[in-house]
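Paired with chain B in one complex and with chain C in the other, chain A is shared by the two complexes that follow.
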Partner chain A sequence: MNALVALPLALPLLGAAVSVVLGRWRPVQRLVTLAVLATSLVISVVLVVRVEREGIQVSQAGGWPAPFGISLVVDRLSAVMLVVSSAMLLAVALFAIGEREGEGRHVGFHPVYLVLAAGVAGSFVTGDLFNLFVCFEMMLVASYVLITLGGRPDQIRAGMTYVVISLVASIAFVTVLGLVYSATGTVNMADLSTRIPELDGALRTGFAVLLLGVFGIKAGLFPLFSWLPDSYPTAPGPVTAIFAGLLTKVGVYAIIRTQTLLIPEGSRPDVLILVVAGLTMVIGVLGAIAQDDMKRILSFHIVSQIGYMVFGLGLFTVAGLAGAVFFLANNIVLKTSLLLVAGIVDRFAGSCRLSETGGLVRRAPVVAVMFGLPALSLAGLPPFSGFVAKLGLVDAGVSSEAWAITAVSLAVSLFTTYSMTKIWAGVFWGERDRTPSRTAHTSDRFGAPPLMLIATGAVVAMSLAIALFAGPLWDLAERIGADLVDPSGYVEAVLGGDS
Partner chain B sequence: MTVLLALAAAVLFATGTWLLLQRRLSRIIVGLGLLGHGANLVLITAGGRRGTPPLIGESEPSTFADPLPQAMALTALVITFGVTAFLLAMGFRSWQLTHDDEVEDDIEDRMIGRAGRPDDAVDDELAAQRAQAEEDAS
Partner chain C sequence: MKQLRIVDTSVRVLYHSIFVLSLYFLFAGHNQPGGGFAGGLTAGAAISLRYIARGVGSVRRAFPVQPWTILGSGLLLSATVAIVPLLLGGAVLEHDDVTVELPLLGTVKATTALPFDIGVYLLVLGLTLMAFEAFGDEPEPDSDLAADGEAAS
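The block that comes next holds the complex of A and B.
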């Protein structure tokens, strides 16, 4: 029993329970949230070190041996995802406390936020397909509450679409679970990894496509993404940031995990994945061009960037998967920082429509810098971290001779730059064409309360640090890629050496 | 028995999907409930044949029913129940706000769709919509 593996899941849940009891004292609630998330971050870093030194960390819940009980597994990929996600959760919690909008007004914000944290961490550490469903649900139910926090008419309308689509995806997931169980008699992922190769070839490919479809809805893959740009922008600022940073990426993580671990080589739908990846990139970026709202532009870019991650997966080579994982981790940081800035702009200017804002570069230069750096990185310009991620993917694409998809990814980069320039020109330069209907908070000296700026600045600094330490991080990504291509180490660690 | 359960699941999925495609919120919620039941039936069916209660000492282990899918179905059932309750609350809130049970369009999306078209085409469409609304009202 390795207790450290269970803590990233158990600690936030415990914190949520405590937070409900302490609902009357907001400062104590804040303290609990920050303490829990900071501890999770420390535990995640310790886990990365331990996985690097000692190999995959496994914990069998309740002491039941592997295919019978629920296994919790932390390998390199899970550990890295845990570090990135807990750092983002902590930064966004700070931002929400600094903003005092949804957080200050609702008793439920802190407990629900912690349940979201538990769901995200649980999805990364679980080694059981049914448990993955439960953790997904934990995360999604928390997100249903957060997205409708405040109960404004537009939130209810967008939230309804979001909840219905997510629920359909969950029901599809349960159905696929039933089918997988009746074919193999197990839901333990390591056990499935040895049982699925024994199945009929058509059945294997069928499961691969079904799992891709189920997680494709959650990840926002083409053609299943249309709920995303509709629902995310209506949530409160910090909530949009954490959704954009984490939720779809948990879906991508699940796609990467299931396609590499469960589906044996030869049955993977690699051509389908590459076609879907290309279409996701192109449609996402073209959708962004037409938008007038900063948050909606960035939401369409979430879709476009999911395409890049899936592109790396579709190659099924060490370099491709390393690129996908690097892009995934880096994109979580970038998207969180950009949407935090969008939250600040929304508060400072009273709107984040391009037509209703303008001239922020003079009135709030600090905010402009905090948008500029991650925006350039997102577009993939050197020397930023986004450049390293895209270079890795393009390099992998060229060495696999996947010319078409590599060309598409480069062309989409150009359009991404265009979109970022459009936001810059509309929000930070120029004059506004219309006056926003809501009141603006222009009293703060640097454009926002200090805590909001510190939280956003920390995330931006993290993205710069990724660029600075790109060498060692890329090596780590390559080791993750090698683990994913050959999952025998994972299976052995969970089931024990003899099976 | 398995065939019967499979048929029941098929009927639940079919009616659930049909209800999900309606414009009325209450029907969508009922549809989701039916889809959830269909999925749970699939899970139960995945357990295979019926058997004796899986209690050690009560009967032969070879005649046991598979308890795992039942446990999983129970978990899934509770989750569907919770989310359906939340959906109903949201549906009620939506009715409070709009006094209408219909799912609305994404307004921002419509505005962007109109942005690229000539003005008179948009005017025509708006006039048609207004005429339709008057017709509905009368």
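The block that comes next holds the complex of A and C.
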């Protein structure tokens, strides 16, 4: 039994409850949120160390043995995702407290944010397909509230699209879940991993494609992504950052987990995944080029970057999966930092439109640096972490002789560089062409209140640290890749061998 | 708010009986159909009848505590019950039971799953109350809408 495994899921829920009951005192709410998220971060780091030393950590909820009870499983992939996600949740919470926009005005922000944290952690920790659905729902229901926080008409309109698409995806998910259960009689993922190979070949591929489609909507894969760039930019700044950083990535995690663990080799739709990956990259980046708004450009880039992760998955080799996981973790950090900067720009200049901003490199040089570093990293320039991630993927692509997709990924990198340059030129250089309609907060000395800058700086520093420790982190990613290629260790840890 | 005599009278009769039924569901849930969620929904049905018959003011008077306090303490109770076994060296959500002789009810088997269910019951109850709080009343022709919205948020 391992107590730590359940805590990343249970602690935020407990914190949410305390936050609701003590809703009258905002400082107490803030303290609870920060304490819970910081504790989660520490627990996640301890879990990484434990998984490295002792192997996969399993806890059976209620003490009921698998596959009858609910298994909570932390392997290397889950542990790394927990560390990255809890670090981002903590940084964004700090940023939100520093901004005092949605956070200060709404009594519900803190509890809902903690429920979101519980949903994200739960999705990484659960070893059970039905509980994956439950945790997804927890995360999504919280996101419905956060995305419409503020209640502006455009938020409600975009929020409606988001809610409807998410609900359709959830219904599809629970339907697939029902089909899988009726075919195999279990929803425990380790158990499914041994049962699904016994099924008919066509059925296996069918399940693989259905699961890919269901999580594809949540991850924003082509052609199921159109809701994403429409809804994310309308949310309040910190909310956009955490959505961009985490929510779609949880979908990608679910794709990686289900395709490698549940679907046996030979039934995986690898060609389909690679085609979808290529189209997602290209369409996403082309969409970004056409935009005139910093948040919208970055939102289209979320889509484009998802393509890279799925590209690594589609190779189904150790190197490919290692590249996908490294890219995934790195991208969470980069996207969060870039959208936090977008939040600062939005506040400082009163607008995120390229035509209504300009000259920030002189007026707020600190903010410019905090955009420049992760932007260069996102474009994949050395010596930043994005370069390591892309090099890993391209290397994997070359050694699998997947020439077409590798070439596409390189070409898309060029376009990414182009649109980062476009943001730089529009926001940080030059002068604004039009005056924004909203008021700008230009009074702060460095462009934003210190807490916002510290939070953003911490995330940027984390992305630099990934570049600095790229060697050991890449080794870790390769061990994760090896785990994913051969899931027998996972199955054994959950079901306890043949006994 | 316009009141209909027949609805008002039937709700007066039904309200308390439905509430008792919801408590029965809560306690029966361990081995029979029911449980905290079903019980909470049944209590929610009782509240909705009261809301239809006499409006949100009557619902507020019936529950002197704020709805989010009910919701929050329910979640707090359930989450605590889930975590406490961890401190005692068990698995999350692990339960224990005791069998006691009570004067009127005979032999009763109580499990620690009961507080968890009570938490769920309170959570669902609080959520229902919050929903009706958000619906509010039909505004009076010249009332201050802004003040109403303030109270609901």
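Note that in this section the second predicted complex is superposed on the first by the 498 of 499 C-alpha atoms of A that agree within 3 Å, B and C clash if a C-alpha of one lies under 4 Å from a C-alpha of the other, contacts with A are read in each partner's own complex, and residues count from 1 in each chain.
In this text, a contact is a pair of C-beta atoms (placed from the backbone, for glycine too) under 8 Å apart; a residue touches a chain by one contact, two chains touch by 3 or more.
The structure displayed is predicted, hence computed values, not measured ones.
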Contacts of A:Q291 with chain B and chain C, given as first, second, both or neither: first
Touching partner for A:Y181 - first (chain B), second (chain C), both, neither: first
First, second, both or neither for A:G23, with chain B first and chain C second: second
Chain B versus chain C as contact partner of A:E137, first or second or both or neither: first
Chain A residues contacted in one complex by chain B, in the other by chain C: none
Residues on chain B engaged by chain A in the complex (per definition of touch): 20, 25, 28, 32, 35-36, 38-40, 42-43, 45-48, 68-69, 72, 75-76, 79-80, 82-83, 86-87, 90-91, 93-94, 97-98, 103-104, 106-109, 111-112, 115-116
Residues on chain A engaged by chain C in the complex (per definition of touch): 1, 3, 6-7, 10-11, 13-14, 16-21, 23, 59-63, 72, 107, 111
Contact footprint of chain A on chain C as seen in their complex: 68-69, 71-76, 79-80, 82-83, 86-87, 89-95
Residues of chain A that touch chain B when the two form their complex: 130, 133-134, 137, 141, 144-145, 148, 151, 153-154, 156-161, 163-164, 167-168, 170-172, 174-175, 177-179, 181-182, 187, 230, 290-293, 296
